[in-house]
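In what follows, chain A forms one complex with chain B and a second complex with chain C.
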Partner chain A sequence: MSEWLESAITRAQGINDWLTPKRAHALDLLANTKWPTRKTEAWRYTPLRPVERTQAKVMSDKFNLLPVAITDLSAIEVVFANGQFDQAQLAQTLPEGLSIALGGDLNSAQQADALNAFSTIKPERHIFGLINDALAQDVVVVSVAEGVEIAQPVRISTLLSQGSESHTRVQVVLGAGSKLTVIEDVQAQGDSLNTAFVEYDIAAKAHLEHYRFALQTGSNVAIGGSHFNLHDHAKMHSTIIGFGSELSRLDTDIIHAGEFADAKLNAMYLLDGKELFDLHATVEHAMPNGKTEENVRCIVADRARAIFNGRIHIHRDAQKTLAELNNRNLLLSDKAEINTKPELEIYADDVKCAHGATVAQIDKQALYYLQTRGVSRSKAQVMLNFGFINELIDLMPNAALAEWVRPIIRERFAQMEVK
Partner chain B sequence: MTEQIDKALAREYEAGFVSDVESETFEPGLDENVIRRISEMKGEPEWMLEWRLSAFREWLEMEEPEWALVDYPKIDFQSISYYSAPKSMKDKPKSLDEVDPELLRTYEKLGIPLIEQQMLAGIAVDAVFDSVSVVTTFREKLEEAGVIFCPISEALHKYPDLVKKYIGSVVPKKDNYYAALNCAVFTDGSFVYIPKGTRCPMELSTYFRINEQNTGQFERTLIIADEGSHVSYLEGCTAPQRDENQLHAAVVELVAMDNAEIKYSTVQNWYPGDENGKGGIYNFVTKRGICHTNAKISWTQVETGSSVTWKYPSCILKGDNSVGEFYSVALTRGRQQADTGTKMIHIGKNTKSTIISKGISAGRSNNSYRGLVRMNPGAEGARNFTQCDSLLIGDQCGAHTFPYVESRNPSAIIEHEATTSKVSDEQMFLCRQRGLDPEKAVSMIVNGFCKEVFKELPMEFAVEAGKLLEISLEGSVG
Partner chain C sequence: MSNTNSLLTIKDLHASVEEKQIIKGLDLDIKPGEVHAIMGPNGAGKSTLGYVLSGRDSYSVDSGSVTLDGEDLLEMETEDRARAGLFLAFQYPVEIPGVSNLEFLKASVDAQRQARGEEAITSADFLKEAKAACKQVNLPVAFLKRGVNEGFSGGEKKRNELMQMLLLKPKLCILDETDSGLDIDALQIVAEGVNSQRSADRSFIVVTHYQRLLDYIKPDFVHVLSDGKIVKSGDASLALELEAQGYSWLQKEPVEDELEG
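== the complex of A and B ==
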């Protein structure tokens, strides 16, 4: 066990609040969990040295941290500044049918529900998920009443100042037939460490539109997870954009717990410098007639390292499942590295499942074509890279977000040094 | 439909008989003395014993691998006998006439006649019975071409330098748990050397047979194809039908020097256990080849037997322009479990690899493809294409795919595709409409599914493989 984990456990043992039963359970599990090494399958390509060596400390000051503005978005802001929920940033009046509150502030019936639901969607195999269970400073519960469609997106921002450590947790509950858009966004300054986990329970016929941005770069450790539970006829559409950092790790789990659920996941990550980004996306088809479509695209430059593990698990009862995973990777430099593993585990016979993965470099002919048209080589590269990613940006249902992220990505490509 | 599946699964394993051969078998158990005795029985040079003992010491420190998607009770390595040989082999028969007729009958019954006149011309066979090689046919004809084809125990006496140079050079002693065990206790196997510029005049073949109870078979095959040479090698295996599990932990090493080509084909039909998963062979095998410049290694396997299979024939593409191929059909039924695939390690420039894997699961079996494609930084212009297709027959089985793709060279191109499906109602309807009964229809569809792999097999093997698949699938549809 690492010293860091030992100290984390000691800290967690000192917390006494409404979540204590769940924290105790997580601590029990942690006591029997080995600290991941290269031999741990889930961490095979992602060394945990940055966590072991971190100097980040939990800070009590919020330092007036504010989320970056997104034009035309007008979101309902849920802000965690250095791990603490910033009540002042939350709108005074919320749309009818939407409630957002700190777990500690809920009435006893609501709190009991929240406690029961806590950590039931996120699988127990994620070691940092358990650490988050044990250490989460503030837990926010977002819920949408049955049949209510919330037009305004809810944006959950996790903000960290220099050298800060934070552990944040959100529970999102969509009532039957409701509709909600959630944006998860981490903005961290240097030398920080955070774990940010969100669990989504999407009731029958409800519809979640989801975004997760991990656009921090530099010397950060950012570990998190988004975990979705889909009931009958529920729908979700998720977009993940990551830039990587010293260590960025994201686990997503999509669980088809009801029939006829429909999940779409589009993920893209663009890595430069010595960044590392590790995405583990798991889909569990536990019930029949589910549908999943995943597109994961990745561009790696300089000395960066990309890791993708896409697992689709079709259980015995999940007949008539349609599941598809498409993973495409571009490797721009001879020092960069891509490790990808699309997995299928299938126990039902009447299903259609496929995955495809490719690793290559930019099409030389396309590059040549653009150069013959007078576009400089470096510009042509940016254009082609951007085109590769933009295909997925175009699929983002929220236009304001797409408009906001496009120039950021273009800028990122311009900075990437292509060798 | 279920009834028919059950009926099909209850079919007899045709190679399940036991031969009544008097054997000399070691007491079960494993320690350094057992290894010393094996080495002494074989009259091995001192360095070989030392090599075995160091492997054994490494093995004691190692842990049994648990990452494969297979489930079996822990093996008690002390309950296995590590050496068993027919008594009649003790005096080393000098010619076929001196070989125990019961042994010859065993092979004849398996369809492998060892009398040269009766054989299909063009195949030389090394027959390995439990821990020893019984007969190697057509040796004189091969010697004319300069080809060495003999039991590895004999090669240790006659060509010690060649063996010493290459043994363990592709699969190191402590490569993995079962390879280390094999290094310590291997008893026999085949040795092949093809001289420079020689095209081996006939197909070479080894037929492995486990006969004794409570023994493990640990054989070792070493094939060296010198510069510009070519060889095609076939391997077949069967075992009697028993309630206990038996361990088979082999190591195969291939060395393809510059411009050489080795084609290695396997039809694996070890006893798979009964419908409840009782008995059967644990087939834990390490197979690996190294390709030097412009060399090519092609693995083709048809896996229908064994209760548990753990097998990843691999290619190290070290030389520039070298080529690695892996064609596999794995069929599991009953309670069989197979975790099989390949590793393609691209080191040299412009290296190419192709992986075609077809998995068919029926009954309550589980069938996994596990593969690794790695492009090292120096693998400029390297290329890989992988296709893994799975076919499910029945709703109690599983089909899984675990491909690892690692690239560290931007000019390398990797493509991986995998699909999973069942025999579709439309396909069945079409066939039945044309007057085929359901069994024939499935057999035809499955054969079509596997065609890409079968066409890579040498003719005699392709016929055998087709038959095996047909028998295995008999009645598995309604």
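== the complex of A and C ==
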């Protein structure tokens, strides 16, 4: 076991609050979990040295950290500054049918519900999920009442100042037939470490539009997860955009717990320098008639490293499942690295399931075509790389967010050198 | 038979792709304002000529020379050939999802204006021009926002090529089987677009398998390309002759009947 984990466990043992039963359970599991090494399959390409060596410390000061503004988008802001929920940044009045509160502030009935739901969607195999269970300062609970459609997006920002360590946790509960957009965003200054986990329970016929951005992570160690539980006829559309960092690891789990659920996941990451980004996406089709479509695209420049593990598990009863996983990768340098592994486990016989993974250099025909119109080779390369990602940006349901992120990505490409 | 007034002069060109010789001693001379049709059977090297002139990777020139406006074309990068005024309308234009048609057109026009030392065009002015070009080739304006050629029908792709030609205003346009896969209405639109661009300082090479296109785009010269060489040249009436008799009689003709363009 690493020293870092030992100290984390010691710190967690000192916490006594409403989450204590859950924390104790996580600590029990952690006591029997081996610290991952290169031999641990889920961490094979992602060494944990940056965690072992981190100097990041939990800070009690919020340093007036503010989330970056998103042009033309007014969101309901849920802000964690250095791990602490900043109540002052939450709107005084929320739309009818939406409630956002710290678990510790809930009445006893609500708190009992939150406690019961805690860590039921996030699988126990995520070691940092367990660490988050044990160390999260509290849980922010976001819930939408049955049948209510909330037009304004809720943005959950995890903000860290230099050298800060934070563990943030959110539960999002969508009542039957409700609709909500959630944006998860990490903005971290250097040498910080954070774990950020969100669990989504999407009731029958409810619809979640989800975004997870990691665009300001730099030398941050960013570990987290978004975990979704879909009931009958529930729908989700998720977009993940990551720029990588010293260590970025994201686990997503999509669980089809009801029939006729529909999940879409579009993830893209653009890595430069010595950055690393590791996405482990798991889909569990436990019930019949579910539908999943995943598109994961990755561009890796310089000496950066991308890891993608896409697992689709179709259980024996999940007949008539439609599942598709498409992973495409572009390498911009011969020192860049991509490790991709689609895993399909199918135990039902009447399903349609397709997967594909490609690693390629740039499309030479397209490059030639652009050059025949007078566009220089280098500019054409940037255009094609951008196009590769832009295809997924075009699919973002929220136009304001797409327009906001497009120039940020363009800027990123201008910096990424083609070698 | 080049002279200083020529726009394009090709002399004894030999070119190959993946070590297979395709062009085997081709001569052609084109003056400003002329329209030359190149006809020939499949596999004669018609498309290869366009690829070689535009500098496509994997198409290599073994010997011979090509000058555009007196400049050595073969020494230039593909993009510099375009900036020098060469335009190739592809038989099968590439689809580029994620890159919008408008962005692509603007980048092309910007690159060429910059190379000529002209001022950059504003986005608003360019949009106006692009919309007008759309109208001229009968493509809905919405096609500007779509990915380059993405999901376009064969005819739409050809019209998109034509639209690029209208915006780029090249000196020499090579139309590579622009008529293939077009119905008669689409063919007329394309031909009208081409005819509207004919001028004293713009030349065309119209590559086609069939005479039909030449009913609409009247060539000044017709050349027959067979096995990598021009085996016969004539005026527009040669195309009609070919239509009636096919190509086989030409392929068997003795060497002394070869003519230069």
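FYI, the second predicted complex is superposed on the first by the 417 of 419 C-alpha atoms of A that agree within 3 Å, B and C clash if a C-alpha of one lies under 4 Å from a C-alpha of the other, contacts with A are read in each partner's own complex, and residues count from 1 in each chain.
The rule is simple: a contact is a pair of C-beta atoms (placed from the backbone, for glycine too) under 8 Å apart; a residue touches a chain by one contact, two chains touch by 3 or more.
Computed from a predicted model, the values in this text were never measured in an experiment.
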**OP:** Using the touch definition from the top, say if A:Gly387 reaches chain B (first), chain C (second), both or neither.
**Re:** second
Original post:
Thinking of the overlay built on chain A, is A:Leu29 touched by chain B (first), by chain C (second), by both, or by neither?
Top reply: neither
Original post:
Thinking of the overlay built on chain A, is A:Tyr369 touched by chain B (first), by chain C (second), by both, or by neither?
Top reply: second
**OP:** Determine, for the superposed model, which of the two partners chain B and chain C contacts more residues of chain A.
**Re:** B
Subject >> Touching partner for A:Glu345 - first (chain B), second (chain C), both, neither >> reply: first
Original post:
Of the partners chain B and chain C, which touch A:Leu73 in the superposed model: first, second, both, neither?
Top reply: neither
**OP:** Please work out whether A:Ala145 is in contact with chain B alone, chain C alone, both, or neither, and reply first, second, both or neither.
**Re:** neither
**OP:** Using the touch definition from the top, say if A:Glu337 reaches chain B (first), chain C (second), both or neither.
**Re:** first
Subject >> Contact residues common to both interfaces of chain A (with chain B and with chain C) >> reply: none
Subject >> Complex contact set, residues of chain A against chain C >> reply: 363-366, 368-377, 379, 383-384, 386-391, 394
Subject >> Sites on chain A touched by chain B in the complex >> reply: 41, 316, 319, 329, 331-361
**OP:** Flag every residue of chain C that touches chain A in the complex, lowest number first.
**Re:** 54-57, 77-79, 81-83, 87-88, 90, 93-94, 96-99, 103-104, 107-108, 111-112, 115, 147, 164, 168
Original post:
chain A touches which residues of chain B in the complex?
Top reply: 67, 69, 375, 377, 390, 392-422
